[in-house]
């Protein structure tokens, strides 16, 4: 297929796509659930700004219809369907195309699921494409409904910022889960490590590395928006972008901490295992040094020489066993004192 | 030999070179297989654009003929024959010379074979030199035959982009194989590592490192094409180059992940081996602590003292063996409870 | 909640907020403790400069009152209440907003407590918000009271510098504690490591990493003040900022040293543990090689053959035990000489 | 001594210096071996360009004579004699002073010998100083004698480039030896590591690190020649410099590969050694678990109880030894099955 | 204390300060030892240039007197007394303030002592402050006395350069000691490591890290002098500064080598210790496998069965002991062959 051909790549996570449209302007808001994806292409806007949110779109034909309505470049359509993009921003003449990632984390066992969010930010419309239903953008929707922070009258850039903010807030939740998991791992390793601990550290490390690598392009993206795309993100929004940028940097630093922690935990685990080998060998040494002399004494008095001391003595047996006890006691005492 | 002398360096991978020529323009396409390499030098073009693809050229004389037809610099001829170049782009007055790499991977055992692809991109012709027959460029050829995406009317820069895209797509296949291999290795290490696992991790790490190092110049190359060679790669092709650039960055990041994974696997393997030493020593300790007291008791009652308790007792033997059993049972119970 | 909503995030470290106001100008200083946070909003200044220091503010309402008096941006109010910010400087039209961190360290067990300090630096006022009571800014207060270094007549930038300097001086105290702790750890590891040593190294490493990562933004912040915020920090203060910048770099370098030391200590500990395994195994080998031959000899003379040498010999027993002693002595001597 | 004092530093590698002069122009070449170093100072040139090559110069007086003939700066004379310089290029008013390194490698044991090459590149002369006789520059001399590649008519910059090219080609030979050595080491470690293998890895790592660190300044040097010294290295030579620059980058990348390989080999070796400990302990466990029960049984039937089962039984002995065999066989079978 | 208050920080290394003054111009040199630090403040210069060198100054009052004579900034006075500065250069209106470090190394045990050298470089005077008596600047003094290299007529920048050069030359001595120490450590580790070897590697690593971290600011400092302080360091001195800069880079590279070596040595030591565990376990295995069968045979013939083979046989005893010997010999032979 030539580049720019829209084919869906990635696993299908939603059976049926669902579309919600928020059509708003100063003081007005019309919220519609569209029955079919192609309806978005033919939807007639009634207010100054349109936010169309599509969950689970995998149908190239429906997407092409939307694409031709909003004049989207073939490469954009290809990227929306290919759920395997880096986080990035691409500037086209009339709109910006932004790819973001959202994560869901489960901790038993540790698992990270990545969803791609595609945003098309025009001057008077914003399209968001998500792989499946989520509540990530719900706070923004609430704010539009209540008309808080004057969002209905603001530019699509302000709306886009609100979406970025929701996505970054979602990362804080993930970080918190990882923090809890790390604490739990740490306690286990320093206490009584179970058989799966090594696998868990390994998995934890991978999750952190993956997230961390993924956040670098996000930081870059947020840092470049104001600088390189001033046409969309004007000076009035700069303070807000800097804020979400700062949050991203903070998250990356937390991940750096977690990553070092993971490496540290593996080292600690390795050292602990070596230490346990040491303790086992020590136990073995104690057993051997306590029983070997006694066994030797028993062997000596079991020899069949005709002339041997103590044998005829009526308390010889007790002398011998007493000697065994004394030697074992002295040895145990020596071990005790040395450690 | 002075620099610029064309000598073949590298192993000969193809017995006989084969040449295919695609001579095309808007609406027209003539496809020819040339019997001999020198025929390319004397080939008379009939349309606006010519794409000559040569497999397995090792003959300096034939290459010199082509070189003088297309006015190639001696250093270019030297580099085409020397299959040991970094991926790079060199600008000459009338053409760009690009070196790319193609990989073939086999996974049992893991092995990576590198082929060099040399492209000479003129304003109305493109020459591609490959070490041996492959299907890497087949999609582009198909697209030309079907005249999809208007490729026949496009510039050689667009054709070159299509070739870059094919090469980068080929990397995704390699990454997928490595991903599968890593998963298989991971399962083996955490499950029942065989004797070759260490060698396999080592080999995996080397492959990933080699690929990763090799992709840095490719990224640089793709990033510089539009910026530094605007004469060939104009603004209309910028979006496409950015796309293939993004893919390359994505591949590098996947390789970074794999590299960290490989390092992690080695650590996990080392810790696992240490852990197994621990288990072995523990087993030994259990054996010793269970049998040593019993052996001592047997030794004690084997002593030849004239006066010893229990000896004349008719159930003394069963007392003694019972005592052995009791002690062994208590010890095993203690071990059981502690771990 | 929309961004810019002031909510307190972080643990509450102080039951009741306390406010102190220093209202000063050349030759004058009025020091007041205000009973309530809202009083700061209504406080009428009597001299040219005002420094309001607030400990333990968690009440969004009171903060909003102060915010509207000093025209603070909603994002600033949000950041003051969210005790989880990176160290940073944000420029607003009329003031700079600076976030700093203060650390308290306790060493048994090693623990680092981070407090956030928020500074709002206007042209004729400075507000400092701290999470709880501390003596960090006491030296600056003393200097103002004694009018040393002409601080009463200086700009708020000079006052701000004095506060930065106090904060950075506080880091030196922390570094010193860490240095002492490291020395103590080092002595323990190379001497007689206790059971908690691994946990201690791990904790030490984490503290150093956390501090180090935290200081990078501080360095950046101090480096940028003169360059990017020349409106507040004029050339007359540049030398002083460079001085505190140099101190920060020095602290970071000390932390780099400590970090390498921590890594080194873990390696040393791991090697030490391996070495101890070696010594234990050696002890076991010595025991086994000394007692096994003796036990074998005892076993041999315990066999029930009718015809055996030495058995009837009156000094046979002493021959046998003597042989045991001789062999054991020779073996011990061999061990002694080899190591 | 003040800086700029010419003193020989480094070991004397050649007993007697030897000088060869190539005095050439378009179509002419006079080759002379000078009997004494001072003769170079008084040599009268007959053609447009002079290349004087000096091996093994350690005499400050002779060098001073040459220095005053060619107006060399005291710091240049000092650096020529001090065989301990980094690779670098220093620009003086009338000439460039370049320091290069040449390596000789021997592999049994692995050893790297570094020779310093000093080049003084004037507009119509070139002086090369080497620590001892070598064939590194022979290809260039051959090319001059045969007047290939028009070298006699070219500038001294072209001649200098040819010398750089020879030096860099020499690195490829070294890399190949290291590659072979690494392959041999790898095979040994994964097969039957001998006692010196650890020392060999260590030595290999050091060689690679040393070379790698040394090549960074060379890359920098070659990259800067055209950019910063355009007076000597004009545009016509740019393509050639880029070529030798590319080779240097290629060599550095090969060294990066080798370095990672070396680190990997050490890890593999450590893991292998741990694995061998494991196998040894397992062998010991098998021995102990097979013999201990049998010994216990023998001990039991060696007890002196008056009433014991089987003792009077005529086949009791065979029952007992049979029991020993059965238990040992069962245990061995269990071991066999578990691994 | 406010910033800029001169207090001595650091250990007092010299009981009584000593001052030497060199008062010189073209052709003249007056050398004076001043009895008291305050005399420098009141010293009347007789020639064009003054170099005052002060050892061991800890008295803030005396320093303040000098400070007011030479118009030094309070921050400079504070830094001179605080022997805990990074190497740095601070530009003031009339002079440069430079902090350098000098090291003394002792190798048994390895120990690094750091002294701070403060230079105040004015246009016609230079003050140097050192913590204690040393011969570091003696070569410069000699050169002034002999008026070599025209130093008496040169600027203070040339004098300053000579001092930098002395300091950097001193580093070469330290590096050489470290090189020797490393070689000695390496030989010990690969040969017969003593009990302190781990501590020695650790200490070596720390020394190298500390030095290395310390040299980065020195390199930066030397690199910036000509670029940023052209007022003092004019073009005529550029070549000299580049020379001492090159030396610093060379030293840093040597330290990088030593650092890698140190890390390598620790790895080698860890692997060696593991290998020794392996050898010990192997020895234990050999002992066990040789003696256990023999002990079992002795036990078997010690059983009290009434009917046993060989017992009545007159050479039964020799059969049994012979069997023991044969089995032990076979086992030892097997071990011998396998390794």
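Read from first to last, the chains carry the letters A, B, C, D and E; within each, the first residue is number 1.
As a convention for this text, a contact is a pair of C-beta atoms (placed from the backbone, for glycine too) under 8 Å apart; a residue touches a chain by one contact, two chains touch by 3 or more.
Nothing here was measured: the structure is a model prediction, and the numbers come from that model.
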Those chains that touch chain D and also touch chain B are none
Quickly list, by label, the chains bordering both chain A and chain E. C
With over half of the numbers shared counting as same, classify the chain D/chain E interface as same or different. different
Using CA atoms for the superposition, what rotation angle relates chain A to chain B, in steps of 5 degrees? 70
Per the centroid of Cα atoms for each chain, what is the distance between chain A and chain C, given in Å? 27
Roughly how many whole angstrom separate the Cα centroids of chain B and chain C? 43
Residues of chain E touching 2+ other chains? 270, 274, 277, 281, 284, 288, 295, 299, 302-304, 308
Viewed as a graph of touching chains, is the assembly arranged as a line, ring, star, complete set, or other? ring
Chain ring listed from chain A, with chain C in second place: A, C, E, D, B
Mind listing the chain C positions that touch chain E in their complex? 139, 143, 148-149, 151, 162, 165, 190, 239-240, 242-244, 246, 249-250, 253, 256-257, 260-261, 264-265, 267-268, 270-272, 274-275, 277-278, 281-282, 284-285, 288-289, 292-293, 295-296, 299-300, 302-309
Which bits of chain A are touching chain B when the two form their complex? 1-4, 73, 75, 84-86, 88, 90, 92, 198-199, 202, 205-206, 209-210, 213, 266, 269-270, 273-274, 276-277, 280-281, 283-284, 287-288, 291, 294-295, 298-299, 301-304, 308, 310-317, 320-321, 324
